[in-house]
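Paired with subunit B in one complex and with subunit C in the other, subunit A is shared by the two complexes that follow.
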Partner chain A sequence: MKEKLSRIWKGITWSWSPKSSREASESVVRNFWLHWFPSRISLRSMSWGYSFWLGTFAVCLFLILAATGLLLLFFYVPSVQNAYWSIKDLENVVVFGWLLRAQHRWAANLMVVTVFLHLVRVFFTAGYRGQRVWNWYIGIALLVVTLFLSFTGYILPWDQLAYWALTIGTGIASSLPLLGKSLRFVLVGGNVIGQSSLLRFFALHNFFLPAALFFLLALHMWRIRKDGGLACMDSLILETKSREIAVSPTKTYSLLGVTEGTTIQVATTEVLDDTNSVHSSPHLVRRVAVVFLLTTIITLFFALLSPSPLEEPANPFVTPIPAKAPWYFLWLQELIAITTIRIGKISISGGLIGGILVPAFLILLALLWPFLDRSPKEAIGVWLHKSRKKQNTVFIILSAAIILLIIVGVYLRGPYWNFYWPWRPWPKIPTLF
Partner chain B sequence: MIIAFYRQANPEWKKYLKEFKNYLEQKVSSGAGSALDFSVKQIWLPELNRVDRCISCHLGYDQPNMAEAPEPFRSHPEIKPHSISKMGCTLCHGGQGFALKKKDAHGEIKHWAEPLLGKSMAKKYVFKNENILIQINCNICHRRDEETSGMEMINLAKKLLTQKKKCQTCHIINGQGRKLAPDLTFIGDKPAERFDFSQIKNKLLKNGRPLSVLSWHYEHFMNPKAVVPDSKMPDVKYSDEEAWALSVLMMSWRNVNLPVMLIPGGKKERPQFPEKRPEKGKADLADWGKELFESKSCSDCHTLGGGVEVGPDLKGITKTRDITWLKKMILNPEEMERIDPLAKKLYGQYSEAGMPNGDLTDEEAEAILKYIESVNKN
Partner chain C sequence: MGILGKMSILAALLAEAIGAIKAFVPQVLYEPPSNFKVGKPDDFPEKITFLPEHKLYIFRSGKEFWAISAVCTHLGCVVDWKPDQAEFYCSCHGSVFSKDGSNMSGPAPKPLLWYALSLAPDGSLVVDSKKQVAPDYKLSI
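Then we have the complex of A and B:
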């Protein structure tokens, strides 16, 4: 019996302690962590102050969302008659249902924040330069998918907030020239928001978008290895080798550092030694586990502190006053409100300007930025390099504007989208009794 | 995690269960609480699309010996033939059946439109009788009853519908009536956002009265034009009690999907407003005419010396208009308004209200005209 157990144990853990060189090379292929991570990882990459581990934090949040989401899937019913009541049951009766839902909600909100902060970090450290431009694009795609995952999840409780957020969102989609009406038809699953819309968003939220996210994530991770690690590796190489390393289109791997060459992937392995790096196993693996633990603690903490809100059941005949989009889209709603102007017979469609053109412009700017950036190679992988002052300023202004619009939308807009200071009470809304 | 486990293991309803167990052991016998099962209790009513978990805390609801127990353990009074297991709790009392915390369950939270229609709600309206509001929900099922014991306010309101001005002269109720004013069949389902409070909001807030649909109905019954400035609804001068009774009736007219066995006398189709047609009998023609004038809704729109209501004041009309013309107007007003030039002119003059067809016989029309003539003489 003991021998059997010992054999099974060895069968699982052999790759952590290979007995021969052959086993060692096989372990890199077979073991998930050893395959994913490089042999050594620079101390700079490991430091909390460089990346704040925001990317890993985001991935951990996604794992928590997947785990809580899969459990919620056993109880949630995606029908307009039952969706709302299944959430009520989750909150009141299902054992730890309240915790699952709260944690799912907090992880979702935190993921949007984290992904944004991760983008900020990558921008300030010029982590999109050179060959990393592809990873930057994958990152933008990940940001968009994250926002849509959050939006589709928002709709599922089918309460007033969800129903009207969907009405506003699909309304914005319909203001796209030429394709708008067809796009709305596809999103809504018809002309009238109802069961077909809920089912579509359920399918998007539970399969298509997570699959897209997972695929993009895998690509994102693969690109990091292909690019030779985080951007701080570039500055480390520059300092160590004091010469430029060009990317070779043909050479794409390094075999445990045994080959020589001039590609970045090989250069990183040449540059890393005991003074500036550690072995990924155990340090990087342990660090990832620590980040995951921290993520779990933070999401649990917030989940315990604040209960998940649920408004009245969806009612197409009653518009909430005001009807607000989720906070991460409120900056768009604010822009739409500001750009909806009527002067006599002329009216400007805020939906087109604020809802489509502005975000499209921002995404286009993000896509083009790596080519507009003229800072030297020394700026890559370094926080707030002095040569990047101008572009950092532009970025800060744009981000601050978005954050300000979100704050205005959340705290300073009241009934009929009128401006209300936080201390000014909103007019009392009549009730049935 | 420890906090999460603690919270999950010690929900609010368990506290009440423990208290109930102690109460049983003190008041009944020491072993009385041993059979108590520490779990959520609920009444599941799939036909009504409801789950009522009130009984997780209101544990003595079906125990007749708990009549004197403190709340929430007191037993529910028996109101035959109502069955709690078939009807649940929230259908009558309001509140949120799905919830397991007191505040949520009593509906005293944001985002729950149907609060408990009990003592605390009645206090907000300064009702002396705390059972007034629950009659709203009683009438959801008892709508087609003429009179139901225990529903005094609703019974009063139903009488008023047929005694004073008849609402169906202008409103459609249950498919009968006219389209001059909003359809009231399911007025209880109309959300608060669709009522115009602009004329009465300040008044209600100043007097500390709830800003609610119930208040709106009361104000509207007391003075329609003060609430809806261009309203054609006559001021019937209801008393305070009558106005509240009618308001409560309005709130009860809701479209709730009820299984047939819950509808009282559900298999028989009874008209909601049985028509009482006055017979002449031995009465004088003019007296019979008076009865007809009042019961056939003439007095809802016409006065006799009281000024213009919805239609013209009819005092002296038998002198100023041709009797044959008047008889035609009574017997076939729609045709007259279509072809007769004088009728068309009057139609336009009186806000295009249009005169309804009272479905009268020749004799009845003559009796009415006789009555109007007699008023001239008096």
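Then we have the complex of A and C:
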């Protein structure tokens, strides 16, 4: 009877504990949900201090965004007449609609932060070196898609923020030489921002961009396994190999007959033993579950603390004073406001320089960086390795410049984009309507 | 598969892609006309009138009229007229334009546009926002 009760209790709580190493490994291979995990995971990869689990947090945020977004789709109406009022309904009429929207918005904001911090972590641990360069590229693409998802997302409520963000955003696109005007025409769906613009951004936000993100994410996860795990595995392999005798050359390491020779995956499994690793099942599974729960709690906490704002309905005739983008785009808005160049009679718009050329240069720099990096192999997977002082300094300066511009944009810009100290009151601007 | 087969598949996919992209270029625009009446000349007081629905400023000096677009040449926000300074200010990024629309400071790369003004047979002022004119064009009536 006691045994039966115990079995029922275990059935409910799923306190699974494998009886042998083999059983633990097999559980990963045989389970659909777990098959993308490695059989064992190093303690270094598991530690909170190495990766801060930022990538996993970002994935969890995406899952929360997908779930809340799918629910929001039941209530949102993508028409210029009804979009704003459907959001008003969500805020005031739909039961817990405000919470759904607030959690979606907070998860989106936190995703931008998390994905950026993830990039910072990878940079400081030289996680983009060698064959990981492809995953670095996929990661940059994921950051860009995340930003586009944010942009297309705050267009949808069709309030003043949405309308003027779309005006400025498509204005930046049209400042591109030669193609600019046509690009704006296609993005807007005409010359005047209206119904076709909203529908285009709705389709992008709800299908094409999430689909691109999902596809890139799948590639990103696959590459982590293919590259032999996180970059800290490389340092573990280097340390272990210097201690141990090389593996027998007569042994074959083919992986199901697909891979030949001693691949990175083989090298990884060679160094993992009971002293430096644990079984993914249950340890990694449990950890991912903890991260997911933490992400849910954090987003819910912020959502409860601060519901989503909604400005006045979109008014094509009145530009808000000042018209500010969400914080993560304010460094770009600051750039487009200050980078117009005049040489004699020729002027080049800040829209082109700050809105297109500077971000393109930063992306290009990130793409080229792995080839400019000349630090030794020992630096891979090690936080702030001493051989990388100079490049870390350059990275910190660039990141600090972006953060500084964001701070200026958020706190120090007032009406007509004039500079105001936070303690200086803004002048009263007479409004037209 | 031979080279011809591969090329045919490529050509078919390319044709599909071009077709799909072409669909995104609007063929008919349900937009307000670019040529529109703004009222009788006598409806406009001396100096300046803002027409928000057309994003347009109409200036009047006696019997002379001229029209300046209120759309900032930087990124398309609407500029405000400040009567005290007799200047236009853009609320988005702080561009400043003089009374005749020329860009004075801030990020705007070009002067504000001047539109052609004419008189309709019924005596109304007609603005043609597709037709830009030099910044000294004035309609005398």
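As a working rule, the second predicted complex is superposed on the first by the 372 of 433 C-alpha atoms of A that agree within 3 Å, B and C clash if a C-alpha of one lies under 4 Å from a C-alpha of the other, contacts with A are read in each partner's own complex, and residues count from 1 in each chain.
Everything below uses one rule, namely that contacts are C-beta pairs under 8 Å (C-beta built on N, C-alpha and C of every residue); 3 or more make two chains touch, one makes a residue touch a chain.
The shown structure was predicted, so the numbers you read here are calculated from the model rather than taken from an experiment.
Shared-chain residue A:407: touches no atom of subunit B or subunit C.
Contact with subunit B, but none with subunit C, is seen for A:312 once the two complexes are overlaid on the shared chain. Once the two complexes are overlaid on the shared chain, A:81 sits against subunit B while remaining clear of subunit C.
In the superposed model, C is the one of subunit B and subunit C that contacts more residues of subunit A.
After overlaying the two complexes on the shared chain, residue contacts for A:321 are found with subunit B and with subunit C alike. When the shared chain is aligned, subunit B comes close enough to touch A:96, but subunit C does not. By the touch criterion defined above, A:336 reaches subunit C but does not reach subunit B. Of the two partner chains placed around the shared chain by superposition, neither subunit B nor subunit C is touched by A:199.
Residues 317-319, 321, 432 of subunit A contact both subunit B in one complex and subunit C in the other. Residues of subunit A touching subunit B in their complex: 81, 85, 88-89, 92-93, 95-96, 99, 159-160, 300, 303-304, 309-312, 315, 317-319, 321, 428-433. The touching residues of subunit C, when paired with subunit A in their complex, are 24-26, 29-32, 50, 52-53, 55, 74-78, 80, 89-94, 103, 106-110. If you check the complex, the residues on subunit A that touch subunit C are 164, 167-168, 170-172, 175, 185-186, 189-192, 194, 196, 200, 316-323, 333, 336-340, 342, 347-351, 415-418, 432. Those residues of subunit B whose C-beta lies close enough to touch subunit A in the complex are 1, 3-4, 7-8, 40, 49, 51, 53, 98-100, 104, 111-115, 117, 121, 124, 133, 191-195, 197, 201, 205, 210-214, 216, 251.
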